[in-house]
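Across the two complexes that follow, subunit A remains constant while its partner is subunit B and subsequently subunit C.
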Partner chain A sequence: MSLYIFYISNFLLLLCLTASLIQFGKIINNKIFTRPGVIVLAYVQLISILLSFLILIYLFLISDFNFDLVYFNSHSEKPLIYKFSGVWGNHEGSMLLWILILVLFNFLFALSRRISERFKEITVAVQSIMIFGFVAFLFFLSNPFALNQNNFFDGIGLNPILQDPLLAIHPPVLYVGYVGFSLVFSLAIAGLITKEVDQQWASIVKPWVFSAWAFLTAGIALGSFWAYYELGWGGYWFWDPVENASLMPWIAATALIHCVLILQKRNVMQSWTIILAILTFSLSLVGTFLVRSGILNSVHTFASDPGRGLFILLFIFLILVFSFSLFAYNSEKINKINSMGLVSRGTGIQVNNWLLITILTIVFLGTMYPLATDLLLNKSLTVGPKYYSTTIAPIIILFLFFMFISPRLGWTDTKLYKIIIQMRYLIITSLTITLIISLYFELFNLTEILIIFFSLLLVISSVTASINFNKQNILVRTNLGQNLAHAGFGILMMAVVSNAVYSEERIYNAKVGDNLQLQKYIFSFDKIEQVEESNYNSLKAYFLMKKDGKLIDTFTPEIRFYSNPPTITSEASILHKFFSDIYLVMNVPQDQQSISVRMHIKPFMTILWLGTLMIIIGGIISASIRIGRVDEK
Partner chain B sequence: MSSLVKSRLIKFLLSLIIVSIAVLIIIFNLRDNIIYFYGPTDLLKNSDKQGQIMRLGGLVSVDSFQNETDSIFYFSITDGENEIDVKYEGILPNLFAEDKGVVVEGVYMNDGRFIANKVLAKHDENYMPPEVIETLKKSGKWQGE
Partner chain C sequence: MIKTIKIFLLLFLLQSNTIAEDIRAIELFKEVRCLVCQGQTIHESNAELAEDIKKLIREKISQGETDHQIKEYLVEKYGDWILMTPPFNSLTYILWSFPFLILIIGAFAIYRQKRS
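So, the complex of A and B:
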């Protein structure tokens, strides 16, 4: 049985390889490769990969340990959902998922209408040559369907910290984001080849780039939320190399979506948009594969194999060389001289583009510097998180200012003082609120105050801008996506700053019966008990949280002892309130009498996630609204 | 030189200057925030590094672990050749044990003792930090493959 599955699944991979090659052949010689048509081939690519992915899921669900991948990453006693998510909890499986999404995007694009045949053919061909490269990589270098000769009775198991419902959906969402930019990249290459990077190009690209961006944002947020409750350190962002690897394409993509918008509106910045499209996709590749390659030393490193990293680095290198030579050759022909006013919305977006690139450089240097010194000087070092916060914070202030002012400016030259006079009430309100906040909470750091002030300005102006009435007093929809996302970003920044300033931590060694204090709350250590679950044993502590003698909630931090593979994890117990989270985590007792408990008060966490959610929804709205938007006047 | 080329050249040079200044500022800030990693032998060679924040890694020496109170601990970190005494106040991670790999972050004091403020945790029982493996390989005490 296993042998049949082995042949069928490998045949499917080869089928996809062939179809992708023919798809690519179409732009080399469309006389030989007329049939089958683009759409038929796209069906073949999709169905072959989809079937092999379903087969892999099936193998995990029935725990067929004749397959290496299942043996190394699954275990018969694992709960069903983690057998399922274990499919992409490893290198080969996640590669197959990556390719599935790549093929899916290709397929959806091939189906789209109102795009010239030639343009579609080229885009699909570029996409297909990438599909070819990745399927070949999968087939030859990391085949998920490799058999073993032994009759293993049971598997090794999935790393317990990956056994988490959120981590079942985090990789697929993140991958949709990363892979979505592959299509944007293909569209950019097609634009370069046909020399048609214009307003029409921008409207074709827009829904794809916005949805990819929204998914990437959601993917990063899910990962961050997972780290917050699973790693048990009370933080949501550690400037860890793996986190940075996903942040870098996000920063580039954020610049990109704004450029696509200017291109669509004003037909300017063609070259820069193309550069950003190439950059975003290259960084997405770096993001996916540095994480899996094991080159990075990170709190998140799981399965890894440095040998494979080489192929990916080579692939990224080829893509960069090819696309930039094409760019150098054709860029003069795609640029059209269209000027923008000096004090205009376009300039504001351009400035913020530069600021984003600066932040990207900061993150890039911080992430790569330790790698470089390790490889070149054989010296191990880490870059402290303070590097990021102190360098990025001043840039964020400027960035928030331009985010606030740019949408208020027109596309042509605008008088700045007129805008400021128009916005005077808004500015005064924000200033007053900031003053009250900083006095009440004794906040005297200038950077923090300025970030809060400009964030407030941004939030209030975005909210008021989205509430627009026409002459008949009917609410009209104006740039809802943009305003929602911008307000969300302002809220996020305020939450980040306040969270950093007001977080509190207490560490106790506690025995049953002890009363521990954190601010105005008392935690009574009620009992500790051992619980046996299907795939782990756990030690569960019960803390009763009281305020003024009244019971508010029960906290149950936990330590889990997994046996397949042998691992210990701490599960935090968190109470989410609107203005702050209370967070308890415990550690294995040093002696048997007491346990160590770490308690955190994390203010504004709910608001922080809320701001992120607004950004994501804003992106989805912008992706789905096609062209005919109401422009504010 | 035509005026177009000239203006482009000026633009290019200007942006080059601005970019290099920005990168310099970033790198200076980077250097201030670097935390170096040492093994015990490396650290003894670099005794001028006293007073800086750094990471130290190796194996926890057998029979070196003591606790003064519930949250103040003493242990030594070894690479098989040299040992450094560590004092740590806080919570020890679940998988902390003698003869297992460990990485601590803190300050190397001038009395030769390391005051740690963080013990970096990993979740996997068999996990060995890559730096520790490197350290053990250097001193010839590495027994893995």
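So, the complex of A and C:
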């Protein structure tokens, strides 16, 4: 039985490989091209990959240990949901998922209407050659359907840290974002070849780039939320190389979506938009490369094989060489005359574009620098969170200022003082609130005060801009997506700064019966017990949280002992309140008498996630509005 | 009476001294990498080596060494790697200054484009 499945699934992969090659060839040689042909081949790609993905799910669900992938990453006693999500909890399976999304995007695009045939053909051709590359990579270098000759009784199991419902959906969401940028990249190449990078082009790109961006944001947020409650370190962002790898394409994409908007409205900045589209996709690939290559020490690195890393590196290199030579050859022909005033909305967006590039440089340097010194000079370095916070914070202040002022400026030269006078009440309100906050909370760090001030300004101005009545007192339709996302970013920044300043932590060695204090709360260590679950044993501690003698909540931090594979994990116990989270985590007992318990108060965590959610929803709204709103001014 | 006040004062001074040392120690723990963990500081880690270094730092603080001296000692013994934030030196000047270079180039480019 396993042998049949082996042949069928490998045949399906080869089928997709062939279909992609034919697709590419047909379109390149456009004399024999027929539109139905392209659609049929897109169907073949989709169905073959979908079937092989379903087969892989089936193999994991029935625990067929004749397949290497199932043997190394699954176990018969694992709960059903993690057998299912275990399909992409490993390198080969996650690559297959990546390809499935890639093929799906190509299929959806091939079906879309209202796009000129020639333009669509070229885009699909670029997509097909990409599908070909990745399927070849999957088939030859990381085949998920490899058989083993041994009759294993049971599998090794999935890393317990990955056995988590959030982590089951984190990779697919992230991949939709990454892969979405592949389509944007193909559209950019098609634009370069047809030399038509104009308002029409921007309208085609807009829904794809916005939805990819929204998904990438959501994927990063899910990963961050997972790290917050699962890793038990009390933080939500560690500037870990793998986190940075997903942040870099996000930063480039954030710049890109704004350029697409300017291009759509004003028909300017063609070259820069194309560069950003290429950059965003390359960084998405670098993300894949960094995570898969095994050169990073990280929880995310579940596969390490230099051959694979080399392939992706070569792939990125080819893409960069090809696209930038095409760009160098054609960029003169796509550029229109740039006509924007010095003090205008366009300039504001340009400035913030460059600030984003600067932040991107910082993240890139921080991630790559230790690798470079290690490889080239054989000297190890650590680039910790403080490097990022000290270098990025001043840029964020400027960034928030331009984010606040740019949407208020017109497209042509505007008098800055007029805008400032117009917004005087808003500025005074924000200034007052900031003063009250900083005096009340004894906040005297200038950087932090400025970030809070400009964030407030941004939030209030975005909220007031979205509530706009006309003379008949009817709510006029405003740019809801933009205002929501911008307000969300302001809220996020305020939460990040206040969280960093007001987090508190205590570490205790505790015995049963002890009363531990954290601010105004008392935690009584009630009992500790052993619990047996189907796939792990756990040591569960019970802490009763009291305030003024009244019981508020019970905390149950756990230490879990998994046997397949043998791993020990710490499960945090978290109480989410609107203004602050209370977070308890215990560590492996040093001796038999006491346990080590770490308690955190993390203010504004709920608000931080709320801000992120607003950004995501704003992105989705902007993606779903087909044609950009025409400006009222 | 005066004697008791003196004792209290002495106790208070001693205590505030240890509190200040404690705060200093924790700030330092957050700056020192746990050498056997994955990207954690010794503050976050319970590993044996991390505990040893914590003890060492506390000792050095009580001996009156400055933060700078302690960090220098650790770097000498374990290399630059042990510090969470890289110091500014011949190895790291690109890391620290390149972002500002990028920022200035951008400001210049945008201004020039607008003027023309």
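A few comments on the model shown:
Simple rule for what comes next: the second predicted complex is superposed on the first by the 621 of 633 C-alpha atoms of A that agree within 3 Å, B and C clash if a C-alpha of one lies under 4 Å from a C-alpha of the other, contacts with A are read in each partner's own complex, and residues count from 1 in each chain.
The definition used in the following text is that contacts are C-beta pairs under 8 Å (C-beta built on N, C-alpha and C of every residue); 3 or more make two chains touch, one makes a residue touch a chain.
Fair warning: this is a prediction, and the values are worked out from it, not measured in the lab.
After superposition on subunit A, the partners subunit B and subunit C are seen to clash.
Of the two partner chains placed by superposition, A:610 touches none, neither subunit B nor subunit C. Look at A:381: by the touch rule set out above, it reaches both subunit B and subunit C. Contacts of A:509 after superposition on the shared chain: subunit B is touched, whereas subunit C is not. When the two structures are aligned on the shared chain, A:161 is found in touch with subunit B, with no touch to subunit C.
By the touch criterion defined above, A:347 reaches subunit C but does not reach subunit B. Once the two complexes are overlaid on the shared chain, A:594 sits against subunit B while remaining clear of subunit C. In the superposition on chain A, contact of A:569 is made with subunit B only, not with subunit C.
By the touch criterion defined above, A:238 lies against subunit C but remains apart from subunit B after alignment on the C-alpha atoms of chain A.
The contact surfaces that subunit B and subunit C form on subunit A in the two complexes overlap at residues 297, 299, 358, 361-362, 365-366, 369, 379-384, 386-387, 391, 587-588, 590, 596. Within the complex formed with subunit C, the residues of subunit A that make contact are 233-234, 238, 240, 297-299, 338, 340-342, 347, 350-351, 354-355, 357-358, 361-362, 365-366, 369, 373, 377, 379-387, 391, 395, 587-588, 590, 596. On subunit B, the positions that touch subunit A within their shared complex are 22-23, 25-27, 29-30, 32-37, 53, 55, 67, 70-71, 90-95, 122-126, 130-131, 134. Here subunit A touches subunit B in the complex through residues 159-161, 297, 299, 358, 361-362, 365-366, 369, 379-384, 386-387, 390-391, 507, 509, 559, 565-570, 587-588, 590-591, 594, 596, 598, going by the rule given at the top. Per the touch definition, subunit C reaches subunit A in the complex via residues 31, 33, 38-41, 44, 46, 79-86, 91-92, 94-96, 98-99, 102-103, 106-107, 109-110, 113-115.
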